Amino acid sequence: MDITIIAQALIQGLMLGAIYGLIGLGITMVYAITGLLNFAHGDFMAIAMYLCLALFTHFNMDPYLSSLIAVPALFVLGLMVYHFLFRRVLKAELLMVVQLTLGMVFIIESSLLLTFTADYESVPNILHAVRFSLGPLSVSGSYLATFLVGGGAGAALYWVLQKTDLGRQIRAISQNKDAATLMGINTTRIQMIVFALAIALLGLSGSLTTSILTMEPYMGLELTLFAFIVFVMGGVGNFLGTLVAGYLLGIADAMGSLFIGGHLGAMVPYGLFVLLLLFRPQGILGAK
Amino acid sequence: MMGENSRTDIKIYLGLLVLLIVLLLLPTRLSITWTRTFAMVFLFIYWASAWNIIGGMAGEINFLHPIFIGAGAYSSTVLYINFGVSPWVGMFLGAAIAVVLGLVIGWICYRSGLPHLSFALICLGFSHIGEIIALEWDLLGGSRGLVIRPAPGLANMQFETISTYYYMGLGMAVLMVGICHWISRNKLGYYLKAIKHNETASAAIGIDTVRYRLLALAVSAFFCALGGTFYAQLVLYIDPHSAVSITAVISMILFCAIGGFGTVLGPVVGTLILMPIGEVVRLYVMTGFHLIIYGVLVIVVILLSPHGLVPWFQSRMKKTQEESPA
Amino acid sequence: MGKQILFVASLTMLLVAALGITPVVAVDPVKIGCHGAFTGKYAAYGMSTLHAVRYEVAKKNAEGGIKSLGGAKIQLIEMDNATNAKDSVANHERLGTNPAVLAVIGPCTTPMSQPVEPIAARYRLPTVHSITTLDKIFEHGNEYVFTVSVLASRYGATYASFMVAMHEKYGLTLNRITMAYPDNDYGISVVDGFKKGMKKAGFDKNIVLDLPFNWKSKDLSPIVLKIKAAKPDFHLQVAYFADGKLYHDACYNLGFHPWQVGGASGFNHPKLWKTLGEKIGGATIGNKKTFAYDMAAFDLPNAGRDAWTKGFTAKHPDITVEMNLLLGAMAARFVIEAIEKAGKRDRTAIAGALHSLTLEKDDPRDLAGTYKKPGPVWMRNGKPNSYGYIAQWEKGNGRWSKKTLFHPLMGMLAVPKAFR
Amino acid sequence: MLVSVQDITAGYGSVTVIKNISLEVDRGEWVAVIGGNGAGKSTLFRVISGLVRPRSGKIYFEGRELTALPPHEIVNKGIIQVPEGRMLFPKMNVIDNLLLGGRNRRARNNVNESLKKVYDLFPILEKRASQEAGTLSGGEQQMLATARGLMALPRVLLLDEPSLGLAPLMVREIFNSLQILNKEGMTILMVEQNVVVSLKNAERAYVLENGEIVMSGSSKDLINDDRTKQAYLGI
């Protein structure tokens, strides 16, 4: 096969991988600090995307502009969900938490269906029809924007964690929650903020991808599964690993459909995940 | 302590007996659709109980069951359609395949000591791969699925009246609950409980954790697969979307959660409450709304009684007994 | 005295009122079932059908109900199968065992339609699918199962005859033909029909790329890269809405605009422009070399459909009139007409009436405009007498619309833009 | 009284670990709670710090009730626990650990002075400042844990098993430092299994057995008590 085709598919895989990584980051944040597994993760992104859709249909607002509304809105939503639901199940069995979030999945998906109908939707943004070329290779503006923002969000997160007091508190809680409490850290507050930040990050991912992914009310669970896979592949709780795993999965996806195709090609990312986990259970960048 | 427990148990079993008699007489009063719905309810009690052995009792987030159900449904159906083999025979081949698959996947996963989440996801990965195999393999009908032409007869596991399916489903559910009860009172049940509570500690006191988890998984897989055949013969159609479906296992976990993970009666109570409610809402209130009701119910139950309804009920009964020593 | 008069008067009034009401009450309503995927993955299709069916039933009732049954009103029993086979079967059985239900519209889409076929036979329940395309369902010759949609194989045949016509009439080369399609029942059946058609014309050896893809994929760039690398003279693309959008996006990004014909909602859904954006849509499906398969030729004169659309839009301004909606309406119309024609509450008679329904050329009852051959709506083997069109997107009066070019029975109806 | 614990009962799930415990610590005092493994010493500390809610009973600090406060507020009042097993943040360097110690409301503005002070007390920590806490030796880790506690400017320091798992030499070094602190006026409440060391250093002690206080008194009296001798000192 022509090398430019492979290179082009590689680029496309990277772009797609940035989306997976961006969604996975939120899962990593929440897990690191609360130990919670949120199966409704992807559904919050669906909420953000439908919010952008509503703003587009009623006010003709560009999704990039809508992110200024979607991000704070999802932050507040995250605060509320944490305060009213998650806070109460922190000490429950893991399976119960899983079940609670699955309950949320049912509620969100059905509510989206009843509000927005099941029609497929997608909202073009200002960069959607812009194309950047380099020789025989090219990439779409909205993909590139997502790629850059994804990387930027990763870098910003890294900076916050390493250089700020909030970051130090977050790391402290993730390493030893009781000790962090004994340092006078208000763990409940920090957990709530981090959860809300993770949801707000989905607000960002949602507004960035309205032109790339096609919306439908049931899209959430699939996104969640991909986010989980990325999260585990990267090494549970490892931020950089999550991003890397996202890229890897995107590339596996692209290569699978380029070289194998069909349903068998779609099996490649899952196969990669299963193999990796069996031979390196701690993930790509996780420590043993 | 022991006496109190058995007194509570006797009350529960009396209640169950009454319920069973009511259920035995019910088809004479029910419309065909409700009879079918209840046949499905019993199948889900059966499946949820089978899942509960590995999921609830051993405390795993196990999503392998779509593979087991698919193995049962596809094996018997392919044998029946292509070679005329009776589903009564085919179901055991399906169950054997499910057990082998379960043991192989289980052995690979347990041996590497994966943490809960990784294990759950790897199960999902395998289930997804199973679905793709069903989609790709022409023998299994691909995405078009397999249609079983109706040919009622005992040998074909197809019945003229739905109430026969109803009684068969009821029998399977009772059998499964009995098996779960037996396991929970037995060495396997105690070991699983220990493993759920603390795997390292269980290994330290000499329980071969891998062996007992595999045993539980094999039992669970075996019975799930038999249920798969029953499903195929009830609906007379299977496709990857319905027979290797993650949604079905999510429902099973949901029913177990409402009733109480790891308890013998949890799956029964959860399924008997949720499925008929869902059906009524779906048919008479508002379509699409029943999932919202499911969601709200599960959240309310978990917030009010984090261990499910059956443990809550048991602790209530215990309390009233303590209060009135008579 | 006064009291007595009052008493007699009120008694008389009551009697008159009762007499006045009784004839209306006496006619039991006619029950029709409508079930399909109203929630779940395929809800978009199911809801389209339901909207149309509700509208048709309400209209018929407002016009005085079924006249041959003494003006009996129609009562619609709606049931959701949540896009899963087991609920679809349960629904169909529920409707089948209710003797008051005379016919059923739906369920739409193959995975829900296939399992109910034996049930329709068991309960002799006339079942009219709206957008069920799988040939296999109709090959058993089941007298009770119908569809108003074009069958998947006939989609493929139409693509083939269009390509051949382009070759013969306009000299388009067909040395390298490529095809990409979702590897599910629909995609595979369409391509089977296409290959058969090409074989008949002697072009089957020129198919250089046979590319099934996963339609749930999040990115189709690798697929487009492969097609591009095959350097097609003419490309066949089968796509649903979501993957269709991804396909067009990828084509635009990779600067690939081949001669191509495509089908299903990925090429003909009115919403495509909104989701793709003007620029990308214009560069790909709006270019001179792209053709779309359509089951409703909106630009061809069709008095029946125009009237219907007008009536429907007045009542539901927010619902887009598209193919699935029109097919749902047609299914409802045919069912109602068959009950009217049968004149009795008997399922077998209604099924017979459905079989005997005929359409003339340019029949106003044909909302989609796809029944161009005069004759019965349903052929002996249960297959519908329907054909789709090949259309081309054009911009005129500041908006994009489809211009019908080709019908398999009538040949080229207009000159493609590239040759004008 | 600086700290006054009254009638505390607490446990986990259906298990009761400590029953009706009362004890008091005065300003500047060094009080030890001694007892064997599983006697409930750590649970007692977790209750005082607010990590575990007591089933009944009350805790007062300077006459004000603490029992209903969240743990971080208790820290802000100056009740600082150095937990059992050190509970350092293993993937952070020494200085980050220390800074986290000094981030409560009272200590926040004095971080630089406190840092200087703990470096004076434990010079080795200054050398290891940029090393990850998880890579320190056991003794260094205990020093870091104590230093981290001191960074919080404690008004009462709760030490949970400071000698656990340390070589005798290291134990002596740690306790020397604690002596210095106590002389300077630091109030210390300590739980220890090492009865000899405890009684040698603390002024008073409580003896905890199976979750109940069975004896209390000055260290001198306890050392000479026959029962303590038999049960704990092995004489």
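For reference, chains read A, B, C and D in written order, and residue numbers begin at 1 within each chain.
Convention: contacts are C-beta pairs under 8 Å (C-beta built on N, C-alpha and C of every residue); 3 or more make two chains touch, one makes a residue touch a chain.
Note that the structure is predicted; figures quoted are calculated from it, not measured.
Put simply, the chain farthest from chain C by mean CA position is D. Comparing chain C-alpha centroids with the centroid of the full set of protein C-alpha atoms picks out A as the closest. Chain geometry summary: the mean Cα position of chain A and that of chain C are 37 Å apart. Rounded to whole angstrom units, the spacing between the C-alpha centres of chain A and chain B is 32. One finds 43 Å separating the Cα centroids of chain A and chain D. Mean C-alpha position of chain B lies 51 Å from that of chain D. In chain D, no residue touches two or more other chains.
Across the assembly, chain B contributes residues 135, 288, 291 that each touch 2 or more other chains. Within chain C, residues 39, 183 each touch two or more of the remaining chains.
Chain pairs that touch one another, listed by label: A-B, A-C, A-D, B-C.
Against chain C, the residues of chain A that register as touching in their complex are 1-2, 5, 8-9, 12-13, 15-16, 19, 110, 113, 117-124, 128-129, 131, 138-140, 143, 211-214, 216-218, 222, 253-255, 257-258, 261-263, 265-266. Those residues of chain C whose C-beta lies close enough to touch chain A in the complex are 39-44, 46-47, 183, 211-214, 216-223, 225-226, 228-229, 241-242, 245-246, 249-250, 252-255, 271, 275-280, 283.
Of all residues in chain A, those touching chain D in their complex are 165, 168-169, 171-172, 175-176, 178-188.
Contact residues on chain A toward chain B in their complex (touch as defined above): 31, 37, 85, 88-89, 92-96, 98-100, 102-107, 109-111, 113-114, 225, 228-229, 232, 236, 262-264, 266-267, 270-271, 273-274, 277-278, 281. Interface residues of chain D facing chain A in the complex, by the touch rule stated above, are 49-51, 70-72, 75-76, 80-81, 83, 87-92, 96, 99-101, 103-105, 148, 152.
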